[in-house]
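For clarity, chains are labelled A, B, C and D in written order, and residue numbers in each chain start from 1.
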Amino acid sequence: MKQSKRTTISLLVLSLIGLWLFVSAPAGTTEISISTDSDIFKLPSFGLGVGFVSGIAFAAQVLAVIASGYFVLGRNHKTPRWVVILFAVALVFEILVGLFAGKTMTFTSLLQGSLALAVPLIFGSLAGVLSERVGVVNIAIEGQLLAGAFVSALIASLSDNMFAGLIGAVIAGALVAWVLAVFAIKYVVDQIIVGVVLNVLVVGLTNFMFSTLMVSNLPFYNQPPRFDKILIPLLGQIPVLGPVLFNQTLIVYLMYVAVAVVYVALFKTRWGLRVRAVGEYPKAADTVGINVFRTRYVSVILGGALAGLGGSFFTLGQVGAFGKEMTNGAGYIALAALIFGRWNPLYAAFAALLFGFAENLQYGLAIIGSSVPSEFLLMLPYALTVVAVAGLVGKVTGPAASGKAYIKS
Amino acid sequence: MKRVMKEFTGGNAMVSVLAVLASFIVGGILIAISSTEVQTTITYIGARPADFFNALWNSVFGAYDAMFRGAIFNYKAHDGVQMIKPITETLAYATPITMAGLGLAVAFRSGLFNIGGTGQIIFGAMFAGWVGIYVDLPFYIHFPLAVLAGIIGGGLFGALVGFLKAATGANEVIVTIMFNYIAVLLLSYLLKTPILQAPGSVNPVSPPVRDSAKYWFFMGDQFRIHGGLIAMLLAVIFTWWLLNRSTLGFRFRALGHNPNAAKVAGINIGLTYVLVMGISGALSGLAGTSQVLGTEKFLTLGVAASFGFDAITVALLGRSNPWGVLVAGLLFGGLRAGAVTMQANQNVPIDIVLVVQSLIVLFIAAPPLVRAIFRVKESKKAVAA
Amino acid sequence: MKLELRGITKRFGSMVANDNVNLIALPGEIHCLLGENGAGKSTLMNVLYGLYQADGGEILLDDKVVKFSGPGDAMAAGIGMVHQHFMLIPVFTVAENVILGHEPTKFGSLLDLEAARAKVREVSAKFGFEIDPDAIVGDLPVGVQQRVEIIKALIGDAKVLVFDEPTAVLTPQETDELMAIMKQLRAAGTAIVFITHKLREVQEVADKITVIRLGKVVGEADPKSTANELASMMVGRAVDLDVEKDPAKPGKPTFKVEGLSAWSHAGTKVLDDINFEIHEGEILVIAGVQGNGQTELTEAIIGMHGKTAGSIQLDGRELIGKNVKQVLDLGVGFVPEDRTEDGLVAEFSIAENLMLDRSDRKPFAKGLNINLDYLKKFALEKLKQFDVRAQGIESKASQLSGGNQQKVVLARELSRELRLLVASQPTRGLDVGSIEFVHEQIVATRDSGIPVLIVATELDEATQLGDRIAVMYKGKIVGIVPSNTPRATLGQMMAGISA
Amino acid sequence: MKTVSRTTALKGLALAAVASLALAGCAAAPAAPTATPVDYKACMVSDAGGFNDASFNQEAYAGLQQAKAELGVQTAQVESPEKATQTDYVSGIDSMISEGCNLIVTVGFNLATATRDAAKANPKVNFALIDSALSNDDFSPLSLPNVKPIQYDTAEAAYLAGYLAAATSKTGKVATYGGMLFPSVTIFMDGFKQGVEAYNKAKGKKVTVLGATGTDSSKWAATGDFNDQAKGKTLTEGFFAQGADIVLPVAGPVGVGSGQATLDKKGTYVVGVDSDWYGLPTHAAYKANILTSIEKKMAKAVLDVIKSGVDKTFTGGDENQYVGNLSNGGVMIAAQHDVVYPAGIQAELDALQADIISGKIVVTSPYKK
């Protein structure tokens, strides 16, 4: 089936959900509360009629489907991205209002939690972007995150200094990435193999160090200080977005910087051009005098450093201690976000946010009491990812040389 | 992948042995570090160095001796059963890992990266478990039916991935990762509903599988090896046949090596994706049956353990060659069985095994590194242009 | 700048790719390096360009010995190269490709794409190229891509320019234009090394000719030598460049294409109302510059192209709507244009490659098993029949030379019960001996009364092999003409001008 | 910016000490040990999560350590892997048997079947099974003379904690969640909920329990695993955003995330589980915000059962099973630490406890059917 047509059909099918929600919308209202404690001007919460909102949202979906059909069938174009976004926003809003019918939806908190869950995913997907854009598949994101989490907790505890912990996390992540790079680039081992195995290795090492070293003296080895939230003046006062985006810990601010820097570096600088060239066609890069191996090492290791930083969010940003296997698969989700985001740092970050949102929505529903068993709610983010990958993204092609070792004859 | 396969087949046995040796040396270092004896004696190494070296030797030798006694032969045991029990434990662990490893090997050889071993094992176990628990039939029908159900369960779950890839181009790595989570959660849910939960139990466990559906415990109840071992060997032979002798496997490999050429030669790529993932999942499903109808005898949340991920390393270590997978499965089974004794006897954390396992794979994948470590010269090979 | 290669030797393992090669290119001179595929021309140029390190000999620029540890050094020294396989990143724009490796920047390390565009425009204007610096290279026609490649080579102010088989993908007109560019550069004092195996071009522009064979310089030739003289020198024996064949004895038109159109994934029309028929015992050559719909046409015939409309009939049966397997089963033999990508599984043995299309049926399959005995017998027989030079039937396809690989593909495709043979650029990149063999096989197939469709991009091959020639341009057939149509006319048709 | 301040100088010194320790190693050699150990070997097999889970495995392990120190018994233990199967439990127990253990404590309901089979096969070895009784394959109860089940009616203590939480809450909302919703998890949540309801009934208030809406415990809130502490934190922040100010995490190490969440919002508290979190280093960062803990005194029970083994007074079988409850001190809520309780609440709690012990109040739980 043609890619473009599939989008239309997917939207059409999804709009059936919208229709069903609209038809079955209960008569009640959904309270939406958007103020948080840090707000100076508290906005009152307000109620929305579920049926009314569903109607509007469904109408928007119908419009989007028609627009998509017009572009695909009428003008033989792909469905423009804004149509898909319009549709998604309308549907999500309809679902949200429906789910929280008769309850209070703490909208801002929902977003806050989504961001918190997404932070390590975003760092992880940036690591993946840097690595895969230069032609090295990075399955080891999980290991890089976990190494970062472990080392940051250890160093920050020993030094009683969070910044030392951050540096330690960066080095740890970079180290794991360096091993990946050496095996993938120098020893030409299949990159997926190295990645999978490195994840196991890091789990083994951190578990080992945890149970032999850390637990022998927890206050000494595993009680790092934790970053406090910093409220940014003015920006932090913007309703909804302020408390979500600008009342966060240093690591989150570093994440914004990292997304922006990686984006600019990849697409606007000499270095980025070379990185992408190496990832697309290393031989061509070689023939214009670019050192393929060095470029690969640098980019992969920088990626690992970012993932390490992301790992520190678990310990220094959130929990304040290391726990066995605490990353719990975040690296794999980051990988999914990266592919979903088409190897673009911005899109990948949005994909990670989407995942964080799905996951936190699940918590939000569990908090207010849901009619669905917890397992099915917990499945939500994973099921959504499958639907997204199969239905909307389909076959995506990454950097052409990703996963292929460059062998200079 | 292709290149590594070549590397692997080109590498000689010497490198493999040295890779395992190197990994055990690193493991030994960790063991020594974690030993409290070693930690204490090093503080006065100047005063009484013998203590330190004694402790060093005791910790490392003691650990690996315990591992040997836990994985192969317990020469310290008092009766024959206890003496040979370790090797049967190794086989018991090796059975599901090898089966699932074979499944992943089939996928790898066909160019698909199946990370979904966990989910497929769970589906196999759920299907086999349900039939084994709730269907009442004479054993000669019941047992094959239950095993078949498990194979089908894993196979369908795997084939679904192949179908999604064929129909929509969805990346199988992502889909299988997500399916693992979904399978675990589904099992967790079903174990709390009457569909699978044992009546009268408050915990998430199923009723036991009926005797008529169980694998044959041919060495008696005091050992944990059962007919699954035979099934594993059959699966190895089957996989070998599939990949090397069958026309279907030929098409799988053609797809794995060069999908374009396969397409031009008239091979139906989409259908082949479904079949590859179906058979891959079916073999993992078989691992599920070995768990639920054999070793475990009832369904719990832990049924798949880490076998799905172990299977990846086993398949990689075995170079996706069925006999290689068998050897790798036995090695990993032995490590896992030995680790328990090592922990019980010497207090060595079980996580050492993960470290050793992953190092083995890394070292074996990079023969030049191993040669560099041991300063072995590369064997004379004709270097092609 | 004067370039001199002195005693260059390059070995790969036990194979000597260049054996004591000497070559001097003077400023304002076009020096042709003539040799067959695999003669060691490209290796020599890779040594010059710093991609390979020579095992012996030295490179001199203006009589000074230079050492290149990589292409960067070579570029800095003033050597530019137009590669045979374009060294362009398909997803990058023209400007990005051109500046790669020596990017203009602003504010430290931010790319200055405006400066890049200006540079592209400047060089482009100088040589009369009309190239949009912001176009994505992958979307450009091959001929234009090559100009990008030339701009890339020139932008570093190259004093020595190497053209590595640059005309393989060009129309005759584009080739003429390229020759003009080369002459323009020569006039400007650039030393040009022109690597090719096409004699016509050598005769047109060469000031000096060095012939290389099996890694050794076999001598210098006079630019005024005849084609057959040059060819004999190149191949090492007397060769007759003409394809020997009897006049066609066409039978019934059993293969018909009517109103065939096709669309790409992106929705653009790639085949536009194609109509032709081929008679039994006749060779129809589809001529045209690469990328004008030939690939899509062959894909549509064998059932690999997505969206198509119209009709393709073989022996009265409709092929559209059938999948690849069904089409092959109707007796279509298909030799794809890229044999390593689409024709062979490199990791498979010769024997396995020979049964790639029929592995699932008798006699190759015995039940669910592969019939290894039959396969062995079959493979040995084909090895002999098609003169495949290999250690044995267990040799991997990747270990074979290009000619032998193509023989394996032909052996497989011709061993079916054929009703139609479709071969896309069947001699691309082959040595003269293999070309002769492939041509013989195709003619023999024709003579057995089978309609044959050949896609050719080289006019010489088209006119020699074809009984009739259909010229394609932008997804349409410009016209179908007899094979003795003048070269100039065909060239015009290839540029879209109807005869 | 620091959340926790500690003496940096001390840390620096310690760091240097570690370094010099590794380098120098010139301390004097100690004399040979002289203590004479008891000829009794007590062993333990953990559930997944291991002995450092800051939760129930750790609490049980503490009992084993105490026995080693106080009774002089030899010990050995096996930590089951993070993703454990029955196979791992069985081989863990088997290896303890080969180590010649006299008594094997198995921690968690997951080990019930493995314990039963091992006990049948090794009648001379004694077992103590925590958090589960034995049953046959058809789930009829089973009694083996060499197995002592140790169970806890945690709901009773959770009831008190729920009452206390309801009384303490300023927002009228408290919250609870599990790691995964097993009975040994939901029993805490259920008891907690009953305590809140009791408070509402007594005072005519309407304190609600978020995360445990409705009677179907399978639909309550859960993080889905016992590892990801960051998830625990996010979920807890979600509770706080919905207005809750006290949270009971029943999720092993994931509870740390909840504790950390209390640091970010003033006036929020966490209720510990399994042991008194106040005293555990793992929870030190937020110990001021620990309202109370629902304690399962496993260490004591383990110590007692080992002692009975040493004294040759071990009694197994269903009839001799130990059910820890308020009455025998097997479960309790921790004493007040830093959090200021509402006036008079301690007296109320004492009265409630007396009523539960006397049977006047019945806290429903799987142990009282």
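One rule holds for everything that comes next: contacts are C-beta pairs under 8 Å (C-beta built on N, C-alpha and C of every residue); 3 or more make two chains touch, one makes a residue touch a chain.
Note that the structure is a prediction, hence the values are computed from the model and not measured.
Colleague: Which chain pair shows the largest tally of C-beta contacts?
Modeller: That would be the chain pair A-D.
Colleague: Can you check how far apart chain A and chain D are, centre to centre, with Cα atoms defining each centre and the answer in Å?
Modeller: It comes to 34 Å between the two C-alpha centres.
Colleague: Let me have the rounded angstrom distance from the C-alpha centre of chain A over to the C-alpha centre of chain C, please.
Modeller: Chain A and chain C have C-alpha centres separated by 45 Å.
Colleague: For chain B versus chain D, what separation do you get between their C-alpha means, in angstrom?
Modeller: It comes to 33 Å between the two C-alpha centres.
Colleague: Among all residues of chain C, which ones touch two or more of the remaining chains?
Modeller: Only 12 qualify.
Colleague: Two-or-more-chain contact residues of chain D, please, as numbers and ranges.
Modeller: 79, 82, 181, 218, 224
Colleague: Identify all positions of chain B at which a residue touches two or more other chains, and write them in rising order.
Modeller: 185, 188-189, 192, 349
Colleague: Quick one: which chain pairs are touching?
Modeller: A-B, A-C, A-D, B-C, B-D
Colleague: Residues of chain C touching chain B in their complex?
Modeller: Those residues of chain C that touch chain B are 12-15, 17, 302, 304, 323-325, 327-329, 334, 336, 341-348, 352, 355-357, 359-360, 364-365, 368-370, 372, 399.
Colleague: Where on chain B is chain C touching in the complex?
Modeller: Spelled out, the residues of chain B in touch with chain C are 2, 6, 245-248, 250-251, 253-254, 257-258, 260-268, 382-385.
Colleague: Across the complex, what residues on chain B touch chain A?
Modeller: For chain B paired with chain A, touching residues are 1, 3-4, 7, 30, 33-34, 113, 115, 164, 167-171, 173-175, 177-179, 181-182, 185-186, 188-189, 192, 309, 312-313, 316, 349, 351-355, 357-359, 361-362, 365-366, 368-369.
Colleague: For the complex, which residues does chain A have touching chain D?
Modeller: Chain A reaches chain D through residues 36-37, 104, 106, 108-110, 112-113, 116-117, 120, 157-162, 207, 210-211, 214-215, 218-220, 222-223, 225-230, 250, 313-314, 318-321, 323-328, 359-360, 363-364, 366-375, 378.
Colleague: Sort out for me which residues of chain B touch chain D in the complex.
Modeller: By the definition above, chain B touches chain D via 40, 42-48, 51-52, 70, 74, 77, 82, 85, 89, 92-93, 185, 188-189, 192-193, 198-205, 207-208, 222, 224, 291, 295-298, 300-307, 337, 340-341, 343-345, 347, 349-350.
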